[in-house]
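Remarks on the structure that follows.
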Amino acid sequence: MGTLETMKDIFDNPNKIIEEWKKDGRKVVGHRCMYVPEEIIHAAGMLPYPTFGTPEPIKKADSYFQPCACEFVRNLFDLALDKKFGFLDSMVLCNTCDAVRHLYNMWDTYVDSVPCYMVNNPQKMYDESGFKFYRMELEKFKKLMEDLSGNKITDESLKKSIELYDETRKLLKELNDLRKRDIPAISGSEFLVTSMASMLMPKEKANPLLRKLIDEVKNREIKNADGPRILLTGSIIDNPTLIELVEDMGGVVAVDDLCTSAKYFWYTTKPNNDPMDAIVRFNLERTLCACAHPSEDRYDYLQELIREFNVDGIIYFNIKYCHPFVYESAIFRKKLEEEVPTLTLEVDHSLSGLGQLKTRVQAFIEML
Amino acid sequence: MLTAGIDAGSLSTKVVILNQDKIMAYEVLATGIDIGAATKRAMDNVLEKAGISLQDVESIGSTGVGKKKVPYKSVQGTEVVCDTKGALYFYPKSNGVIDIGGENCRAIKFDAEGNIVDFALNDKCASGTGIFLDAMAKALRVKPEEMGELSLQSTEDIEVTSMCSVFAESEVVSMIHRKVPKNNILRGIHKSIASRVVGLANRILLEGNVIIIGGIAKNIGLVTTLNELMNSELTVPEKPEVVGALGAALLARERKE
Amino acid sequence: MITAGVDVGSLTGKTVILKDNEILAWNIIPTGPDSSETAKEVFDMTLKQAGLTMEDIEYIVSTGYGRVVVPFSNKNITEITCHAKGANWFFPSVRLILDMGGQDCKGIRCDDTGKVTNFAMNDKCAAGAGRSMEIMSGLLDTPLAEMGGLSLDIKNRLAPLSSTCVVFARTEVLGYLHEGTHKNDVLAGACEALADRVYTLLKRVGIEGDFVISGGIAKNIGVVKRIEQKVGLKANICFEPQIVGALGAAVFGRGILEKKTAKKK
Amino acid sequence: MATKVTTPGKKNLQTTLEIGKAIRAYYEGVKEAKSAGKPVIWSYGLVPREIFHAADAPVLYLEHLPLMIGAKQLSGRYIQLAEEEGFSRDVCAFHRCFLGCAVAKDRDPYLEKLFVSPDLIIASNLPCMSESKSFLYAADHHNCPYYFLDAPINTWGKDIPDYAIEYFAGQLQGAIDSMEEHGFKVDMDKLKESINLTKKMMGLWNEIDNCRKTVPTPMSTVDGITAAYPLIQLPGTQLGVTLFERLLEELKEKVEKKQGVIEDEKLRLMWFGVPPFYNMGLFNYVEKYGAVVVKSMVEYIAGGAFDPSKMDPKKPLESLAYKALVDIVNPTYPNMVDFIVKAVEEFKIDGLIGVVKRSCGLLPGYMRLVKDAVYKDKGIPTSIFDLDGLDIREYDDVTSKANLDSFVESLLASKRRQ
């Protein structure tokens, strides 16, 4: 089985990873959004598990939430109510958007099988006083992880974890760079599956697989790559269907600034002999999340992606009621459209109404 | 003691004549543009069916969105109160009632003595159940009454995911174009409505013996799907669409005594 | 050179046959449950009308909601791109096009060759923009064709329908009717609300240059007048606004053929 | 725009009329300052106002503007303007309305009397995402500098840790520095003095609340929303204190004379969620049943967890930071839900009405939490239904009144049985 198929297999059934990891009693900690440092969880000998959703309609969650909350978060809560996250020993959230805050309130009240904790993080980047605040929160979080795992987190174990995770980020970035060429080595949907599988897998397993994959695809050329090159951004996409839709319509998804891809590996940790300080700066010396400030930074970052991957068009896939990106796409629209045509689309996380979406994407691609 | 109950809904108007403990006659017709005229027409038909005249009726109760426009002096009650009285009339032991009407659905919970404990209304985005079903019947070229049975002969469980009836309509239209078998689409439609109703019932933790009323309750497909999704015991009275009007009649009689 | 365009919308199926840049024949029929059936039906009708057979047509482009299921088309292009090309064929100076089909409402900007430069479509909540007229026609039992005219003959005061959600607009209309508001005033309210929605969409795309309205809505004088008044531009409407998409498709067919023959030389 | 059948709220207190005058006078002052060439600040509801009063800076509050033009049924037009700029209907109606006002070219005369363009915008992410992002568009449109105050959410409950207070106090200091860069002079002594005044006002507000807890209640939400204005806009000012002193006097008088808002008060209701500013008459509608809406969530600032002893004039920024972070509206839930449960008991509430604004970011996760907590603790029912308090285009009078009828009737029935 080629490495791409292995990645797809892991993406399709993450439970295999869980069973293997929990075989000898090791613990798994679920987390959502980027300000929960996976390195701390890993240094305590536990598996950080990024909780992704499933493209199913909402069943139970709508009795708790009003339906005007983001469907991705309602889907996560639905899965939690269905005990689909029962294997987690703890769920850790952080301070990003309104919906994630609601998830903490709801999970803490109505899901008793898995305890929930919230790491408080500043939303203003590059601010020394913010580093101090976040450091205090991470010290408390580190203590919590030590109590949960029963293992002590030392500077050495933390440094090793940081190195391990940085290695995964470097490899994913190297793989992503293979898409800069005129004919990318890997398609958008294949890359998303690989990136998400690498996020799900223990990094000890992911890194060798990624190295093998890079060799395999180094001089591979994907089929029908003559269409316009598209940058995908917007709310979290945890299912390749939307990307496949763009590719079927003749678009080449050259780069995707998503929580499940570029945002995860775009930066690596700067060398620092205090590992906790390294983690603080890794998270707070960049503006990747649309909830954070200064948002002009995100605009420059998108410009960088447009140049490096010579992008012809941008598509914003905004999940309905996803306020951070609904504001960003409206605020950036005029400036972005001076350089590159931009299409903003409203999508459902449960992937309903794909028919209308196809028409809009195909028209956009015909326009480029 | 003869009493009349009028349920002036925005889509259909229902009138009931109650004689002691028996429903003597009932009438259901489309409200159309003029509520007053529709109520009068329905009243005349039901009086004729019962073989009595307006003077014989001692008191009249009215409910529904058009209760203020009913052209008779009547005791006015809210839908929540009338649905409860109507349901308890048939089933004194029940714990709650779900009213699936043309525009909205309502879930009501009451205690052993029949006092209303809690009730929940569907979100605006999930309204239009009845209209949605009619539109789907037209799009699928199927008679509305047959939709229920057809949905039970489905071969595969497909999802109509959107909650809003307008999106669901466009979703179904695209399924028709993709030549998805009619019965499977109907199954998807009924499951999506049933899960919305279950969501409503869960909001007030409604369990036990629940009465399903309202025009849509006659749809066997929907009630069967509800039975699958809800772990409570569901019963559909014989004439589910007039239970509200019956409740209004009972209200009027109570006030008279 | 003979080419054809087939536009299978969610409400109507349309075909146009083009011979050396002249419309040879065209037809519109309501869409049945099976859109590939509808496409075949309307295409055969038009062939007969033009006295041609399938082989005479050198290139067929399909467009519209059911464009992918048209079995006999050589290429499928979206209705946005086709409406721009079609509008440009009728009015070469056009820069702004409004097309409202059964499902969606589209604001399109194009250059002097009819190539799309920007477009915007209604958001999900206003998805029923096109369908709202159909629903209003049912509610007020007034045929679609007459609604526009009646909406301009206001009896006492326009009954404003404010919500963009079609389901909610229904309850508002029923509320007005039950209070005895005159049908024309409610129709005026419905057309005004639709014109508002369209104006918001066109503002997003930028209102400039000559303006064309295509698709079924162009036949509703009530909506067209109100849009013109809000946008401040005269709307150019061709003799049959519903075939603009199919015509654009046929014009694209011609362009593709010309490029093919030029490459062969 | 939509001319729907709406009725203004019937106020029954003399002081609230005076407070209404004070609001108009305040905005005239801002208008005059602008035309006299003085710099004007745009800021938001929950940014501590004391730092502006300490610099005598004229400030336009960007939640208050939509509320005032909403009350005049003008909100629909400006919300549509924001949608034309590309803002989706899924984001907060307040912020769409404010953005519409910010970009409007021909403003209604009523709005023209209030509106001034900004010289500096001071915003924060308290309590939701709209607060944290919508001002960026306005700043860009008016190319006006801005300062962003990062307020951490309250994951600690009643007592806020020092490092959080220190962080937000630092942010406040940043705002003060930014004001001084743009032509404002912040007088620190005045700021220290304002802490005392705020403490006094909070004390007065609690006493006013105690009057409202008596049966029958002398003041309903219709007056309450206007009376809460000083809490939102004039904390730390002498005017705020005097207005509250006068209000307390009037209420005490009414309590002694047992003068309620309505004669035979049968039902005491509480409102959770954004009230219908364009149809405040809806609150008076339930009075025909002998029901009065005693209190609404909008009239609480800082709320129950607020401990006045922590307000220390010597450390003004820390005190203001504490007051902002412990506010019931600062997510996450313990503060808000515990507080509502306590308020239901203290105000002797019979039923809670929860309204959902479809485009809200803050409340869709709270309705069920509040409903279950209040029912579990006191057995008090909550009725939840759709009502967008600001976007008049979505208002349906018949359904809203039918929902209120159903709820009030079921409350009266259960009260008759007890």
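A, B, C and D label the chains in the order they appear, each numbered from 1.
By definition in this document, a residue touches a chain if its C-beta (ideal position, glycine included) is under 8 Å from a C-beta of that chain, and two chains touch if they have at least 3 such contacts.
Worth saying up front: this structure is predicted, and the values here are computed from it rather than measured.
By the document's definition of touch, common neighbours of chain A and chain B comprise C, D. The most distant chain from chain A, with centres taken as the mean of CA atoms, is B. Computed from the mean C-alpha positions, the centre of chain C lies at a distance of 46 Å from the centre of chain D.
With centres set at the average Cα position, the gap from chain B to chain C is 38 Å. Distance between chain A and chain D, defined via averaged C-alpha coordinates, is recorded as 36 Å. Contact of a single residue of chain C with at least two other chains is seen at positions 65, 103, 123-125, 127, 165, 168, 171.
Shared interface positions of chain D, i.e. residues touching 2 or more other chains, are given as 86, 88, 356, 358, 368, 394, 398-399. Each of residues 63, 66-68, 320, 346, 353, 355-356 in chain A touches at least two other chains. Partner chain A is touched in their complex by these residues of chain B: 123, 125-126, 159-163, 167, 170-171, 174, 177, 192, 195, 199-200, 202-203. Note for the complex: chain D touches chain A at residues 85-88, 90-92, 125, 128-130, 132-134, 136-137, 140, 148, 150, 152-153, 155, 161, 163-164, 166-167, 170-171, 331-333, 356, 358-369, 372. Those residues of chain C whose C-beta lies close enough to touch chain B in the complex are 10, 33-35, 65-66, 69, 103, 124-125, 127-128, 131, 165-168, 170-171, 174, 177-178, 180.
By the touch rule above, chain B contacts chain C in their complex via residues 10, 33-35, 66, 69, 103, 124-125, 127-128, 131, 139-141, 164-167, 169-170, 173, 176-179. The part of chain C that touches chain A in the complex is made up of residues 65, 77-81, 103-104, 115-119, 121, 123-124, 127.
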